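A short worksheet on the structure shown next.
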Amino acid sequence: MAETMKAIRKAAREPGLVVENVALPRVGPNDVLVRVAAASICGTDVHIWKWDEWSQQRIRPPIILGHEFAGTVVEIGGQVQHVRVGDYVSAESHITCGMCFQCRTGQAHMCPKTKVIGVDCDGVYAEYVALPENVIWHNDARKIPPEIATLQEPFGNAVYATLAHDLAGQTVGVIGCGPIGCFAVGIAKASGAASVFATDIVDFRLELAKTMGADAIYNPRNSDPSGGDGRNGTTNWLIEANEGYGVDVVLEMSGSAQGITSAFRAVRNGGRVTLFGIPSSPVEIDVAENMIFKNLTVLALNGRKIFESWFKTRWMLEGGVVDLRPLITRELQFDDIEKAMGLLAAGEACKIVLRPSEVAHDTSAAASHVSPEDANVTGIVRHP
Amino acid sequence: MAETMKAIRKAAREPGLVVENVALPRVGPNDVLVRVAAASICGTDVHIWKWDEWSQQRIRPPIILGHEFAGTVVEIGGQVQHVRVGDYVSAESHITCGMCFQCRTGQAHMCPKTKVIGVDCDGVYAEYVALPENVIWHNDARKIPPEIATLQEPFGNAVYATLAHDLAGQTVGVIGCGPIGCFAVGIAKASGAASVFATDIVDFRLELAKTMGADAIYNPRNSDPSGGDGRNGTTNWLIEANEGYGVDVVLEMSGSAQGITSAFRAVRNGGRVTLFGIPSSPVEIDVAENMIFKNLTVLALNGRKIFESWFKTRWMLEGGVVDLRPLITRELQFDDIEKAMGLLAAGEACKIVLRPSEVAHDTSAAASHVSPEDANVTGIVRHP
Amino acid sequence: MAETMKAIRKAAREPGLVVENVALPRVGPNDVLVRVAAASICGTDVHIWKWDEWSQQRIRPPIILGHEFAGTVVEIGGQVQHVRVGDYVSAESHITCGMCFQCRTGQAHMCPKTKVIGVDCDGVYAEYVALPENVIWHNDARKIPPEIATLQEPFGNAVYATLAHDLAGQTVGVIGCGPIGCFAVGIAKASGAASVFATDIVDFRLELAKTMGADAIYNPRNSDPSGGDGRNGTTNWLIEANEGYGVDVVLEMSGSAQGITSAFRAVRNGGRVTLFGIPSSPVEIDVAENMIFKNLTVLALNGRKIFESWFKTRWMLEGGVVDLRPLITRELQFDDIEKAMGLLAAGEACKIVLRPSEVAHDTSAAASHVSPEDANVTGIVRHP
Amino acid sequence: MAETMKAIRKAAREPGLVVENVALPRVGPNDVLVRVAAASICGTDVHIWKWDEWSQQRIRPPIILGHEFAGTVVEIGGQVQHVRVGDYVSAESHITCGMCFQCRTGQAHMCPKTKVIGVDCDGVYAEYVALPENVIWHNDARKIPPEIATLQEPFGNAVYATLAHDLAGQTVGVIGCGPIGCFAVGIAKASGAASVFATDIVDFRLELAKTMGADAIYNPRNSDPSGGDGRNGTTNWLIEANEGYGVDVVLEMSGSAQGITSAFRAVRNGGRVTLFGIPSSPVEIDVAENMIFKNLTVLALNGRKIFESWFKTRWMLEGGVVDLRPLITRELQFDDIEKAMGLLAAGEACKIVLRPSEVAHDTSAAASHVSPEDANVTGIVRHP
């Protein structure tokens, strides 16, 4: 192993990122060192690249970005018990305390002491990353290649948010077709939804939603946005797409005030709404007409269940229930980071997978010998 | 039986009510005629008495008011199958179609063809009322006297709204201590809640909440309402009452914008909110900070489950789980209707029970002979 | 309309059935008369044909058999409110009281006063059948032809039993691949199951299960049934098919003692079992090892939710979520009833659809004009 | 601190226990050393005392027994992060791996690598015990004294098993009134159950059940056990106690075949059964009549949720929802262990609390200064 490695860093308190050589990370007694095979870009990374207000408050340069990845373990600390050199892994991006009320009751995604990889400490846009053993997630090299394994982290959010309501036989509206919205369309269709209706203001995204199985798509920018009856265009379209009736379940993935309003208006009486997209300012809601008199169940969700969502995610991907390949609209190298960020900022890409270099290492051999007994040890445990 | 009866009617399109003699109701083939033993006053009746905007749009005088009651069946129509003369009964106040999606899936409280007794057709503030067999609810005279039986209708709303979330071992905030809020306090305490914190702007109501078991009470009008830190006083008090932490479950029963805001602010991360009080205008909600980042489950509820809530209601009352007697702050006669309305409008009463006359008839004999077999026939069926 | 009609009856207390001309049914004030377009045969009908012990105790000949069908309304009684002449309909086969605890709480499938069509009163193996309005189910002629509409009744059982557990991302074992088992395979695959493993002792059925999407199939009769390690062959195969681990969810549809034992043994710790197949005698269960130490959730289910399962059923069929066509292994006429029963008794058919005569009437025009408003009236209501 | 301590050990492979002086436990880097203030005796300890077949297979003497306790931390290992000297604590008795499917999805009570304190390694019947930090449970000295804190471990089982079904307004049968059954009676009554009916074959236990709130009690040994109608006496009594109807929820805590049979027979159609008592041999169950045709939901449960049940347990005890004091039928010293075991074996005690010596140390000062901020650190976190 060399003494330095290539990494993508926010080097200074200003827009942009730099690809540079940095020292290899130090491996603590409870850590494992992973050689990164593939990483993928999250919207959060775009915010940090832009150096927006949130980033300026949260990020302390210099820092290596990135929290979605897959790779192979090359070294383990002295106290590590469940991970071995050679294991093919990804990781939960939230390092949590493990002892608080939230961590101890399956709600670690709300741990008040959370540190996020690539945000609060060095991340995975590097040839190597050191991570605590307890966030490591074992992959099965026979079933999921690195470019899909890296997507488990964001796909897990969609699995959590989409399957929080039972969808079998239901009509489902998906408002907002960024990566999470497109994931949601695929999950809903594969989980027995009778019909999935998708809306967005970018046609490129709507085409992807269609590829993932949307039965009908709608762009309010291409239509009369007013709706003409006091409701907005999206509300009207959803109800029309559903033959004149309210939709059973609406997944709000846009984070726009208009999207949230449409969600509450287009859902049927007794229906269910998931709020997942994050609005940038307070929203005025007609609580009486659009919530209480409708007898709604509303889930406001953020993140994913650690590790419940991960298992469901793995099983859906390994079982071929949802195919994420169409959503990897580009595969690039670390050196192309500016190009990648430009495409994402322009709404011309869905998920972009990055490789450290042109000839990324092969993981096909990794853990490919796994017997059930080994699986138990290495954690590729389905369920004992 | 006389040819006429005493009834309380909205006689004309103007404020107030009149007590007058009217013809006995006609009994259709599917109807039963009930002699009213006791009735109770709902907030809706106060609205109609005041002749507010909503009433002016909905009510078509002359009409007999009232939808909460208990009495004895004195006549049945030719097609009636499950009700007998002598049965001691109350009734679901919503006459629903029975065939729509909502009615056929246990959500009849959302039937789009609903007619409300005492609002859309003649009600129970009369010596006799004719009702379709399928809204009739059998009471057990050995266990529930008329002044409690009449409270089943509104208490059922509280049972539905309060027990929609599991409360055992939880801390519960109740915002708004009108009758439903006071019912909720009693239900929560009797259902294993660790602590119940109650708030209202009327001290009289808070005293009743305390009687029903509230561990702590708060009136923002008697305290610094601002909270002094950007949150309102109610939010701060709830968190302090809970030793500095967010509350597990908040039941919003006030319908005020401030109450709704407090509910979302005072609930813990991962907590649950029930919205039951109906606000009169849209509410601005910080969806990101106070809903999504908190991972909330929100139920917006209206009415009660027909008849699921009724069974739970009966069993809690018959089993002595909650004692409603302290909430009957007055018992009056039909002739006292103006006095009753005045007390309610002034916030000086919780539930008022009305009797047709000073010597109301005795129901102690009614159905008191009920054997399990008879019970099956008459519908006092626990569960076959 | 003629004065008589062709019908399939159990004419006497002996094996077999007769096709004969009988008087048209009388239409009561709350009834509708339906001209049958298609009917399908249930296992119960085979029992009655055989005149087994259960039939001898329950059936009172002469009686017209059959309870699965679709057809067009040709006459309505005077009190009928929600059904019109020309409506294209099927029906819930259980006529329930509507007033008991079970009926009033969404559990009408447990009503103690239930009368079953074609078992306790004349059924649908006839040119015409008279049924009470409140069991009528409206179909949409644009979306579901009669040969599929008739399958809604039994398919609804599978929808209820299969979707009672969340299946997204789970591994599912289906033991017993009669019609309900084959339906279950299709529903599970379409509802996000990661893998579905199906077992039966008849190869013909296993082939159908494969057509419906089973990932792997197993016939213990073709293999070593002992399992060789104290477990039976089915248990071993299920665990091997699942890579050495217990299965997340097992649906027991065989009703055999061995199937039930396999279900409890093959499910993982913390897993879920649905018991739907009805065993003919008590079963010895290792409650400690195979239930309690495994922390199981067990649903013992019978029938379907009235009408909750019907709506889910409709939506899954209309949405094309599951295609039932491969399971209609024969379409025959009433006159072929002996042949049909022979095929079923021999395990050489899955579902058989019967038509009154070669040229069955056309339903394509029926209700094809339905506007949302009409739909509301006629009950093809998705959800208001 | 002395170099040796008093402890109760299984010293040799034979019946009985010895109180002897042993070396203080070694404190590893992730361990904390606790001075025991109070411990309580579990049925498992009685089995080990008797040296029954299960004990002979599982226990490797010499070993210190005991897994229910409360005490004060006196020393911490170098890697310990969340526990401080002076903390007043108890512990989860199952040391689990933290990385397997079960541990990572809130089902650690099914971790296949579990080690039980006092069974697989030295336990708490000693003046001091060393335990890994991650099983430590912080108590609040202001609210729960040691003799109650030690009961949290077994009470948590009852909390889990009893509240797994919603009990508000329901009728509940508890079969078997050992400690867990008596806990269950108290929890059910405090959680809104309409009526609780308790049965056991020991009158002493039934009296305790009554003290905990049972509405009616029954001992089949004092009555006609046959029931006289093909059902057993317990089944008949439960149905009669419930006015002739099946019971909504039955909690089987006896582990006897007769108890399990009664549970399935006495529960109503559509009712719920929890199997918690562990039978010593397989049980014959009429799956068709008593499970499937009844449409039952059955939970077979073992242990408790780590740490979900602990939080609920704490909150119910701190909130005064259930008072466990009546169930501590004796308080003794370590030296009295033979007497204690004798009382338990004879069915003459419910819970027995042991103290290391007559003048057990005072925990009143421990952690009594806890501010919300400290609480966060030390883990007495309600919920952040």
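As written, the chains take the letters A, B, C and D, and residue 1 is the first residue of each chain.
Going forward, contacts are C-beta pairs under 8 Å (C-beta built on N, C-alpha and C of every residue); 3 or more make two chains touch, one makes a residue touch a chain.
Given the structure is predicted, the values throughout are model-derived calculations rather than measurements.
Chemist: Based on CA centres, what chain would you say lies at the far end from subunit A?
Modeler: Relative to subunit A, the chain whose C-alpha centre sits farthest away is B.
Chemist: How far is the middle of subunit C from the middle of subunit D, if each middle is the mean of its Cα atoms, in Å?
Modeler: 45
Chemist: Where the centres are mean C-alpha positions, what is the separation of subunit B from subunit D, in Å?
Modeler: From the centre of subunit B to the centre of subunit D is 40 Å.
Chemist: Could you check subunit C for residues that touch two or more other chains and list them?
Modeler: Residues 102, 110, 112, 269-270, 311, 381-384.
Chemist: Pick one for the touching-chains graph, please: line, ring, star, complete, other.
Modeler: Chain contacts: complete, every pair touches.
Chemist: Which positions of subunit C touch subunit A when the two form their complex?
Modeler: My answer: residues 159, 163, 166, 168-171, 187, 190-195, 242-246, 248, 268-271, 311-313, 315-316, 318-319, 321, 372, 375, 381-384.
Chemist: Using the touch definition up top, name the residues of subunit A that touch subunit D in the complex.
Modeler: Interface residues on the subunit A side: 81-82, 97-102, 104-106, 110, 112, 133-134, 306-308, 310-311, 376, 379, 381-384.
Chemist: What part of subunit B is in contact with subunit A in the complex they form?
Modeler: 102, 107, 109-110, 112, 260, 269-270, 275-276, 278-280, 282-288, 291-303
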